[in-house]
Each structure stands twice: as C-alpha cells, then as structure tokens.
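Each in structure tokens, the structures are laid out below.
In the two complexes below, subunit A is the common chain; its partner is subunit B in one and subunit C in the other.
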Partner chain A sequence: AGGVYWVDSQQKRYVPVKGDHVIGIVTAKAGDVFKLDVGGSEQASLSYLAFEGATKRNRPNVQVGDLIYGQFLVANKDMEPEMVCIDSSGRSTGMGIIGQDGFLFKVSLGLIRKLLAPKCEIIQELSQLYPFELVLGMNGRIWVKAKTVQQTLIIVNILEACEYMTAEQRKQALAKLSGN
Partner chain B sequence: MKATPLSNCERRFLLRAIEERKRLDGRQCYDYRNVRISFGVDYGCCIVELGKTRVLAQVSCELVPPKPNRPTEGILFFNLELSPMAAPGFEPGRQTELLVKVNRLIERCLRNSKCIDTESLCVVAGEKVWQIRLDLHLLNHDGNIIDAASIAGIVALCHFRRPDVSVQGEEVTVYTPEERDPVPLSIHHMPICVSFAFFQQGTYLLVDPSEREERVMDGVLVIAMNKHQEICTIQSSGGIMLVKDQVLRCSKITAVKVAEMTELIQKALDNDQKARKEGGKFGFAESIPNQKITAFKRESAAVDTNNVDKQAEEIITKADPPSEVFTQPILHTPGTAQIGEGIENSWGDLEESEKEEAGEEEDESEAAAFEGQKMETEETSTVEETSTKKETKDETIVLSDSEEEDVVILTPQEPPKRTRTQTSLKQENTSKKTFNKRRRKKKAAY
Partner chain C sequence: QPLNPCPLGERLCSAEEATAGSGTYTRHGFIFSSLAGWVEKKSEDGGLPVVSVVRDAESQLLPDVGAVVTCKVCSINSRFAKVHILYIGSVPLKSTFRGTIRREDIRATEKDKVEVYKSFRPGDIVLAKVISLGDAQSNYLLSTAENELGVVVARSEAGVQMVPISWCEMQCPQTHTKDFRKVARVQPQFLQT
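So, the complex of A and B:
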C-alpha cells in the first residue's frame, strides 16, 4: 500500500536535492556569501549568517579549502543551489565547519545510502575496530578521523572496498585486522 | 567543468601520511601500481592501465614525401590528448600547461632517443617515406600520466606492423596485409619514463604518484631510461632544488623499475604474438574483462611470502614441544581402557564477557536441577574475558539470523588441570547437552 516507490540506482555523479545533507569544500569567499563545491554542476552558495550563533558582528571562521557539512535549502535545476548550516529552528544539529584533521574521500552514492541506512552493519563492525569520527555526505563524500594516520587509512580503505565486498569478505577482513 | 578543489584537510592529511611514510593505497615509497597491458585487434593498438590511470595508444602509417632537409629519413609524429572523460578539469580544445608538458616529454623520450630507426622507414629517397603517427588518449586520470603514456607509446610502436614494400627500379609496390605479412618497425631500444614526486622541499620522494599525491607534491622529476641503463631524457619541474646524490639515487631506482617494466612489456607482446599465431582470440573484447556493477570483485592484494620460511621456523621453535605419545592402554576396570590423555580444552578461547557468564551460570544451574547432574556447576568458572571483539564475532555469527528471543550461548569453560582426564569425557557430555539445550529451546519457541 502507499504506492510510493524508491528506485535505487548506482551512480557517482551527484545532483543537488533539497533537504540533502552534504559535505562541501569552500572555494571562494565573496563578501557575505561563501561558494562551495558540492560535486554538482553548479557551486552552492552559503550565507555567513546561516551558522548557529552567527550575527553580522560574529562571523564564522571559514577559510578557503575548509569542509562544511550542511543541507540544501534550495536546489532545483534552474538556479544555483543554496546551503545552510542550521535547521528551521536555528539549531545546528551537527552541521557546520568540519574539523581540521581527518581525511576526505569520495565513494559512489549507492554506498552512502547503504551506510546511512538505520542499523548499518558496516559502521557497527567498524566501530568495534577503532574509535573514529565519521561524516557522510549525500554527495558521495566521506570524512573520517581516527587517532592515528594508519587507523584512518585502514578505515578509508575498508569503506572504499565495502562497495565490492560481500558481507562475508568484509567480516573476514575485519577479523584479520582486529587480530593484529 | 571546473576541477574539484583540494580541501585543506586532505592536503594536511596527505602530507602527514607521507611524513610517516604511508601512502593512501598502502604501497611503499618505491612501489609501482599494477600495470596491465591489453592489445586490440589492429596492430599497433593497445591500452595500458597503471592502477586506475588508463591510456589508449594507436599507431598508424602513411606514405608521404620526406622533409626537404632529411630526404632519407621517415617522419615520426606524436600526439597526446587529454580526453574530458579522464578528469572533470579537462576540456576539449583548451591547451593546458599539463598537455604541453606531457606532449613535449613524450616527444623527447621517443624521438630524441632515436629508439626507432627512421632510415629504415625510407622507401624512395627524396620522394616517399613512411610517416609513423602515434596517437595517445588519456582515458582516466588517476595520477602519473607520463609513465602510463610512455609505456603505452613504446608498446604500441613495438606491436605495430607496417605494410611490406618492394622497390624495383622506379616502381614501388605496397603489399596489402593479405598479399604479404606486414613488417614490424625497427626499434633499437625501449625508453620508459619513471616519475618521482617530491615533498617538503625534496625531503620525501614517492615513485608513481597517484592523483591525490600529485596535487600536494612540490615538484616532479621524470627520468626516461632503457633497459641498458642509458638515460634518454631527464626533466625536473615544479621548481624543486635537488641535490646531486638525490638525482643519482633516483636514476638507480629508475634502472630497477625500467628493467621490471621492460620484462613485463616483453611478456605481454609475446603473449599477444602467440595468441595471434595459434589462431586464438585476441583483441580488447577478450583482454578487457567485463566490469559489471552488480558483480562483487576486488583485485587480490599481493602477499609478501619472502619471510614465510623464516617465520614458520620461528613459530615451530617457539611452540611447545608436542606431548608424549602414550602407546600403552591404561586399564581402569575390566572393559574400560584409556589410551593417552585428552588434549586440553581449547574452547576456552571463545569465552564471552562476565555478563554472559553470569547469565550462563543461572541457566546452567537451572539445567543442573533439570538434568540432575552436579558436574556442570563445577565448570562454570568466573574466568574473565577481555576480548570484546571475539564476543562480537560470536554474536554476529549466531545472532544475525536468529529469530529466537532469548538465545543463550553456552560454551564449556576451561577446566582445572587436575581433573583433566575426567574433563575430557565431561566435555563430550556438555557439548551434547548444550546442543540438546538449544534444540529444546528452539522447540519450546515454536
């Protein structure tokens, strides 16, 4: 019942959709607005007031090349998309500038949706391995931060390989790693 | 389209990783990525994959009048194109610095090294010579275009066959491939480029940089060498300052890499030659595998088995010596004999944490009342386990498909040593009991 179907497809190229949470890279600061690259055909714009607790006097500290986690306020095929880092009630709910360390990499959109599904096995199993911070953007970008460079690289490689591994292979790989 | 910018955190992370001598894909500093060479149906057509970087090369020939100042030499023409499908930053028709640089490098590597004998391309002096044209297309950019392009170029040239020609007086006859077998080009040696990326003002160097590593490098040194250790071209770009012994070290590494690469190329060419001669199938349809989205496939990683012997020896010497073998049966009572002692219970490795054991104790004491055997309560020990990872391992194995509400995992614990012989018999009992218990629970659930 319902009659609404979600047709999943495998693609790497992202198309901005209203309400999606994505990771953007700041490319330019133009007066009151930041320009972000989100992997779409147009760069997204983000006003400096769209952060929690930002006022005209209290500007957020954003540099070119920083990573921002935000959601699309406006995204259609006729205009450049607009992003914000607060929700409708003015709270940031985890959005905003992503910290300086860690590593950003790109995967396919299908894998992101799989990872964002509730009770994702992959993330649960990985969390048994090492503690880490993870930000998933619907535009295919993942930001990971673990204690050491080696641990971060391991998590990056596992997540990239999860695209092609069966659950069995993944468990084997993680068992091997946790045994080390 | 604009290329995706490099974020600050990626740059910082990559530089930190390089300082710790770590690369994104787990390679060592001097390791090349996997090279795959596949040939097309036409002679002179090949695709080279260096990791994910792909270059397509095609060689073709034409009879033309020679250059006026070189009447007895053939003409070589090289062209590399960066296809927009290689990277979002590449646009057709726009000459970038990178394009000019790679083109010049390929030209210098293949033309100035005189690897192809141009005199042999002459048909009629001053009138007709062969013009050999090499076209390289970059199909995917994942770093190190120069190396991939140079390998593709030289492989295509070695693979190429030009039509046979005979000159009788004034008459020139060009034979079609059906009339006479086409003839390979006369190639003296195979120059191959090796790229070195430098970081932190020349402190760290990496061979075969990937695309991310190229973005953060300070500069690159390219050395073109053949297997006879002759340097054909050497170029340093990016404005890095290199010390003499750095350059010498790089050239030594190049010699090693070029030797390996030349061997690989020779093998690939021989395989293709064999396939064609035996009438087997050849061409891209055969050599490039079907890559389906729905297929689970991953390239297997090479395992370093160099120290396996040594490691095996170490393990054997460090291990406990095998226990004595009892050949005489011990008679307990008439009708009951025992040969040897049972081995220690190794199921103790699979123990869970305290919580589970507390639960187990309760259940086991219930079972004891139920079964009427007091031996079980002895076995529930309070051995503490710290490996939560193993717990998860067990849980994922057991609980994932289970539809039961209360699944209790019962495993026999490590018995005290003095009751070893008795325990071995006990073990079998408990294992049967745990199995029966689970079966009973399952039956109860239905």
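So, the complex of A and C:
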C-alpha cells in the first residue's frame, strides 16, 4: 500500500515541472535575470545569484546563446517558471553553464526517460564505443561532446535512432561501428 | 431638464454667462468641455449658473484609501498579484479598476515567508483594502493583511468551488484535494445561507 502511481505517455512538447533538470538556451539578459528557452510555452527566468559561488560582485559569465543545465524551482500553470543552478544547500551538483563545443539536439520525452532509467543499456553500450560527455534534459534536449566532431555526430545519430530501433538493431549498428 | 450631448473640446458658452463646473475648463474668456458627454446647466441661487459636463448620469464611484473592495485575481507573479476591482463595498462598478497586491502586503505576519502562489491563484475572488491610490499606471495598491481580508471564492482544478478549512487552506468537496490560499474570515453577518 502506498507508493506513487503515474502514467507514462509519449509526447514531444515539454511542460515545466518543479524539480525537473533541463537544458535551457539563454535568450536574453534582463537586469539581474536571464531568460531561458526551455521548450515550454513560456520562457523560464534564472537569477544570476542562482549559481554556485555567485555574489553581487562575482557574477557568472553567461552570454546570450549559452546552454545552461539547471532545475526548476517554481513551475506551475499560473506563473512564469523559475530555474536555479544550485540545490537547496547551495551546491551546484553538476548544474550550471555547459561548456563550449558539443552538439545539442532534440528527442522525444519518452526517450529521455528511458535513457535516465538506472542501468540504461543504450548508454552503457555507447560508452564502450567512444568516450563522450552527455547531458540529458527532461525537456527533450540532449548535449553530446566526444573527442572529434565525427564521433560526436555518430553518437547523435545513434541516440536519435534509438527512438525507433529495437535492442537487436541497436547492437548490430554498434557492432558495425566498433568494427570500423 | 433635457441634457444636450457635446463632444470633447466643444465651446459651451462665455465665461460671463456661467461658471465652469466639473468636466469643463475656461480659456480666453470661454468655457470649453474637457469630456465627451452630456452638458448640465444648474442654476445657483444668487450667482451665475454652473455648467458641467458628465459622462454618465451617476458620478463615478472611486475607491478611497481604506475602502474594502472586492476584486478578481487576473495574474500572479512571484512578487505580486494583479487584480481587477469589481465592487467597492457593496456597489458594483461599471468599468473595473486595476489593482496590485504586493507580496509583502498579503499577510500581516511572517511577510518574508509568503508565497504568492500559496495565497492567490488567477480567478480567485478576493476581499482587499485600498492602501494607496497607486502609481502612474493607475494601479491601486491593495492589501489583504487582516483576518477579514483574503480569498472568499476559489475554484479547484476540477472546477468546483472550494470550501475553506483554515486560514491558509481550502478543500475541494469533489476531489478532496487541499489547496493553499490566504482565506478571508468573513464576518457572520455577511454570510448568506
């Protein structure tokens, strides 16, 4: 008895939820607040103080067009969503500005949830192929960076194709690639 | 007596024939109307008649500082709530005024712990008191920092009117979910059963 029940359904349009970790794109700097596009109906706001070690004198170096990995502090249908890049104790826990280079692309929300499940096979198999950095946003956005542009694009294509490939097809594709 | 309509800026009469009343102004020895409406000429006992221009037959009722008004929340923000003022006291208004309830004016105690989202939602009917005639955007500043002020009618996500269970919570009678609101303790004489 007890426990939480929810229904997983396939959708592409993201609706901000409090606590979700997402990748946002900085669209504007308005005074003390950044406006981020998170793929929802409204842009999210992010205060410049919501970064680890940020003070009024020590501002984070954020430009328009940067990618930010953060979580929602406030997200409901009546108000503009607010994001932060620190948790409740003030630590960044991996959130913040995502570095230079790399590749950002969009997938369905169902695939993200599959990739975020513990012991996801897809990620384990891919990591045996090439080393790479990966950031998964619950809003359907994935950021990948590998050693070369070609390796990055290969990983991007595999992740996009994972939507429709069966496990067998995926293993075959990866075997072909690692054979090269 | 019959009222004549007049457009804005109409020259009504000479300043020697009458005195300028409300809705008019004097220039170059003549009285002009500063409103588009109806001309009224009232004869004063001893003295010139008073010429005035009115928009409506009744004069517009304006909220005074300290008046209790009934308003509907139209949007919320983490810093304030924007409302439309519908009634002043028990008199309905023909055109609504805009009001703002700032976060620090929602409650009298623990003002920094207040969350606007847990006090009001769009669509709520709120009893508030006017604390200031407002800024240049003619937004009256309102406050609900009293026990008798706050949300009186609110609907749950199911669309059913909620029942207050404490000063900070309301419950939906259909789904039994509880929502947070800054609930008004309405005086028993104003409750209708």
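Observations
Methods note: the second predicted complex is superposed on the first by the 178 of 180 C-alpha atoms of A that agree within 3 Å, B and C clash if a C-alpha of one lies under 4 Å from a C-alpha of the other, contacts with A are read in each partner's own complex, and residues count from 1 in each chain.
Throughout what follows, a residue touches a chain if its C-beta (ideal position, glycine included) is under 8 Å from a C-beta of that chain, and two chains touch if they have at least 3 such contacts.
Note that the structure is predicted; figures quoted are calculated from it, not measured.
Look at A:Gln128: by the touch rule set out above, it reaches subunit B but stays clear of subunit C. The larger set of touched subunit A residues comes from B, when the choice is between subunit B and subunit C.
Residue contacts after overlaying the shared chain place A:Met79 against subunit C, while subunit B stays out of touching range. In the superposed model, A:Ala117 lies in contact with neither subunit B nor subunit C.
Contact with subunit B, but none with subunit C, is seen for A:Ala161 once the two complexes are overlaid on the shared chain. In the overlay built on the shared chain, the residue A:Gly65 is in contact with subunit B alone; subunit C does not reach it. Residues common to the contacts of subunit A with subunit B and with subunit C across the two structures: none. Across the complex, subunit B meets subunit A through its residues 1-2, 4-13, 16-17, 20, 22, 24-26, 293, 296-298, 388-389, 392-393, 396. By the touch criterion stated above, subunit C contacts subunit A in their complex at residues 75-78, 116-117, 121-122. Against subunit B, in their complex, subunit A makes its touches with residues 10, 25, 27, 37, 39, 41, 63, 65-67, 98-104, 125, 128, 143, 149-150, 152-153, 156-157, 161, 164-166, 169, 171, 175, 178. In the complex of the two chains, the subunit A residues touching subunit C come out as 74, 76, 78-80, 82.
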